[in-house]
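Note that the chains take the letters A, B, C, D and E in the order they are written out, and that residue 1 is the start of every chain.
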């Protein structure tokens, strides 16, 4: 390693870098106004994210897990400013991020916040070669301007994700799924952001490359105090990278806990089911127990606790009253059963 | 759906008013109708009198207001030259133009689309190069030249098709149709081909370009993997996915066919609106032009509306109000 | 008795600056009712192998050598039309990104019925009945209604099940499933894996399952092939490959899996990167990264050699020329790696360079 | 210069150019046409626009190779005694300027409006699309008459110098709509794709996203339309000239020559229309073939 | 025996009073008849009037034909004549202008009428040769007592149906598509031709018209583009009948303004100098134009009227010689040795090869260093422009509708006033002596004396070089070899003289 990495001076661990307060995002999926008037249909709102609060300390990682469609990506997009929140707010480094995105200063902020997208292929412009794709943030923020310099830097970035600098002049479609994902990781790392939102960054990578990438991310975190929001379906990975884990269900956080606690002693019934469904390396040919029941329709979410139709411990209260996220036994859980000590 | 249509119709009215307004602005420059209304021996006071009688001496906005008021009552006034109700004149001519445009459009679509598909599938082969090149003749020769050449070859030399007119027509109420007699079909062939040639080239090239994109998509690959026949893949799956841009352009072109078949109609003496319009322009027949332009605006609005509705038919993702999974 | 036999398959991408050999002489076979897992470095050529089997390499890619035999018959040299009845009917495929594999303009039912009728001599209504049955088989509730829905009306997991239903529509003998569960949460993943297993058991179909999830492999497969740089590094029964890997790459791979039990700060990793396809070193493709390289590895390409229950392409297992006598060039290096510590950071490829 | 050319020839696009005989032939034709047009004065044997040199007596001579032809006029003369060869060369110059400039103008306007409408959406979208509807309803002929009328009212006596402007503006004014509608449609799809969002997250300004990301991905149909429209614009120009709002008949464009010659098709003077027609076909051909090639070459997936 | 006729346009309506336009009148003249008609040589012929005479300077008496019935069977009487003249002079009629000199029409018996004029009016029979007689009864029954008024536009039956006394009846009428005529079995006279049915179709495009004739889809068509005459004559089944036409094409110059509107000469008007006008005249190679542009189908002229018009004489119809050198000298004398620039306005779809003629003229004038900026445009914009006199140099064609030179003199050469005299004298040429002569001609009833006056007037104008006469274009009708017909110089097409060879 040629360059000596100095830890950032202003890194005061313990102070939250990102604070999401009651973040919510609804999508208006209702038909146009005139249609509604004529056909007497109500507005249809989809609560993709419905009041999510968390904070991430500088240099730490919060992982989000949960079913497909529970709103993880929406949270991610809210954090990077792709969506404006319908409710709630986001503080980044003490300032209101969404207000800042709108100002010219927002560009500077953009540089500090980056995102790795869920679908690597879709997030790469099919008509650009890799050099331009990875170089874009560098150019946009005026970090590097010389063509040669830029090339060199892109080469380094490619190498760091296990690709060759010689791949620079290829187009995205000439890569395999995992290679594309690595390209989008390299792009996100290009501006050396402080906060990185990773939406399933390693889903298409084989374990060895995944290990490399995760190690890089860890190294960066250690050396530069990078902060991550990490979304993944792979609980083993989550367990490895996260400091804290948030479990989402239908637009809400149902449990937030330190990873040790969460994996050792899951509280919410959904978390428990999820952990049960992890495939095990040790026992080849074992049958797993998937979470029972169908995924609820987000347009018409169940009343009360959204999980109650699938929950073995549900009672009348669960179907009537929506549980709040409460601190119980050192973790935050939103479950009446846990609150009442039925579990 | 109804609401969608309703909204578009409201917009259509606005568009038509705008068109009428611009049309009236135009009329200051297309000539003076009075010059053509009276014979060469007319006395100046007769001319003045006629001008006043027609209201042509009034300020622009007054004339426009009168037009709007009349138009709102469904009355577009009288043709200055023909002295007949404009609505009747256009009504007489509309079926001819519409039939011609439709036949041409069908021709263009039914030849253009398969050719587009073929050239996309056999990209780079000799035959597709030939198609691509030859089709260019259709756009690089002016319509009047193509029309005359067709007449020269098929009417004069070979004597296969008649060179002018609409042939026998059958009357259904106010609608006259030439499509119910052999004679009528013979007459429509040459003008329809002339009109279609340009569209054909455009459609073929557009389909090819879109097909090339679509053929690379995952669902085409997957359709292949499912062992579907080539026909099902190319025409069922790939083609349908190219339709959105193709429909947009075809819609615009069909509107163009109806609206601006002027040259073809005059070459083949096709008794349609284009012929009426070109005469109206030469004689500065303001009411005819105004009504015609409004009608064209309406046609475009309707066609664009139909195209937008067809989007819904073709692409279920655009259908509102039926949202399922998410 | 084998269902599919791949012999010395070579896939190339002719490019104007030389030909890219993406798959270099791989051989393996699959028996009926068997699930063969395929794992390996990303970019190793797993998807291309699948595409080559079903004859759908994207141009300019092409099969440049070797042969693919299905039930003893060559299928790699068949024309598009001759291949058509085989696709779907004998080989079903699920691509790496199943979410875009459905034509958005047609209902799920139409696509199913069309596939069924392309292969089986049934009437429309029979096909429809069958399609509903398939959807039910894949665990889609209320299949009678859902069959008339469009793909965008399904959730991601359900869409994937539809794709599987399509791949199964004509009861193929072989299913090539390319990362069918990536990007799905564990719960849906479990459902899909169950489904695949059931099909193998019930119908005796074979599955080639490409995935990165070792958990899935362990749970599902009978045998595993490990690919590296366009070649097969190791192939053998799943338990042996996972727990007693014979090839150094496989060992590295297995060591890289994040362990639910351990709490180490860093994961084990194989340092370096897979070589670019047109810069594969002589001899063993893995030799630059291999902790146990010796002279022969640099010059001679190893074929698959028996190594216990598995077969590995590694000279370590050459019975005729046992490696014991050879000096291992990088033994020390390997020891450090095996100890779970990262080799000296200087030796590693530079990670993101920080120059603030 | 040499180096950049060499580098270009070595690039991907350059390579596909080198290996496509069709593209090279088309480029050759285009270069020859451009050269002739640019240096019309040197290339052509006569100056067809100089009325003093016209001899009525030499009118309607057939090409030099036929019996009555004169070696003075290689491709014959038209009804005014104009040398067809020279007229074609000079006419091509006018036509190419009109055709290319007006298409470029309408593409630029149409693409900008289409991008804005599609990318920004909202009332701007509705407004621009209704403007399109209005514009669609007007035949270019009428628009040209309007502009010519206004132009002449503003600058009386500036007929010839005005003609070009009027032509180009009126063709573009009606031409941009198609581009706008097509681009808008594709932009609506494209703007929601993740690579555009990725650029947003990176902090790329919306203008640059539109131009650098969205634009190249929506140019496919635009290229099809544009290359075809070059020919159409040239023909429209002929029609407009006929109505008297185009170039004056004493300096005929290709289109004008064709429509003049069109009257003589029956009477056997085919060369008056055939040679300009051929020239027009050649121009259209080279533009379209180059366009086809470029579209394919710029699409990385088709290489 | 059906004859199919194609013309470039269609009659706008069947109402014979609705439009004073030669095609309109030519078509309706087959259905309706006038009191006075014309022979094949354009001399006056008795039609519904058997004879006429001037009973006093201001009064003419017409004896009407006996035994004539309209197509619907109503007998023709003096009432119909009185009614028809009232109709033609009334609101909405376009024939009003031609009849403005008529004071009253009186019935003087069942079969005689008297027409009183405002002053002595020697050419009355010529003037009324286009006023067609309708049936009073029929018009009243069909609410068609007035022609369609464009302002109010109440359309009436006379627009679509016709009930005249003529040799042909209208059987079917589809405006702008076709009109079918059949022979009138109850016609009072003898019909020379054998045509039983006439199908009249408008075909606007000249090339299409030619094609239709050559391919045998029509039997007669008009006009033939001059360049296609040879081609049609070479065709096995058709020929072209050409003949002189009464329209004269000429160029006019602005001779009034002190500075030309469109020229580079500032502060003076070169066209005020006769030498310049003469130089222009002599620089124009009209024979060359006749040979190349008109392909022989024109007759170069030195007068503003052609043969067939009363007052035309062969001896006066002489041009100044074509002489570029002389023209150059004249230009130099006038002080324009190096020429000047002027804009020439020209229609491009009104007269035969009008655009090309202008181009050739421009090329001719280039030889005397005059640079012509040619503004050729469609008639729709051209005529309003030049009628505003917004021009310096223009082209015009003129047919005297009265078949008399006076019409040309008063419209084209008289000093313009605001009552309509000199209305088409767009260059505002003005010679008071000529005006005086014109007035005299108006009321002189002695034919010989009158012709002398006309001659004198033309001489004055020619000496002034007030206009640059070019030529009379020829009529060119394309006719199938099977068809025989008579071509008239006024371009009227009478079906009664058409026959089909068996």
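Following the convention adopted for this analysis, a residue touches a chain if its C-beta (ideal position, glycine included) is under 8 Å from a C-beta of that chain, and two chains touch if they have at least 3 such contacts.
Here is each chain with its UniProt name: D = Peptide/nickel transport system permease protein.
What you are looking at is a predicted structure, and each value in this text was computed from that prediction instead of being measured.
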Furthest chain, CA centroid comparison against subunit A: E
Between A-C and B-E, the pair with more C-beta contacts: A-C
Intercentroid distance (Cα basis), subunit E paired with subunit C, Å: 91
Rounded Å distance between subunit B and subunit C, as computed from the means of their C-alpha atoms: 55
Subunit C and subunit D, separation of their C-alpha mean positions in angstrom: 53
Distance from the mean Cα position of subunit E to that of subunit D, given in whole angstrom: 43
Numbers and ranges of subunit E residues touching at least 2 other chains: 207, 211, 214, 378, 381
Where subunit A touches two or more other chains at once, by residue number: 69, 118
Where subunit D touches two or more other chains, by residue: 145, 262, 265-266, 299, 301
In the complex, subunit C residues that touch subunit B: 54, 56, 58, 80-81, 84-89, 91-93, 95, 97, 100-107, 114-115, 118-119, 149-150, 152-155, 158, 163, 166-167, 169-170
Residues of subunit D defined as touching subunit B within the complex: 22, 126, 130, 133-134, 136-139, 141-142, 145-146, 148-150, 153, 177-178, 181-182, 185-186, 220-221, 223-225, 228, 231-232, 235, 238-239, 255, 258-259, 262, 265-266, 273, 277, 280-281, 283-285, 288-289, 292, 295-296, 299, 301-302
Of subunit A, residues touching subunit C in the complex: 1-3, 5-6, 8, 65-69, 118, 121, 156-157, 159-160, 162-164, 166-167, 175-179, 181-182, 189, 192, 200, 203-212, 214-216, 218-220, 223-224, 233-237, 239-240, 260, 263, 273-274, 277-291, 294-295
Partner subunit C, residues of subunit B touching it in the complex: 216-219, 221-230, 232, 236-237, 240-241, 314-317, 322-326
Residues of subunit D touching subunit A in the complex: 193-195, 197-204, 208, 213, 216-217, 298-301
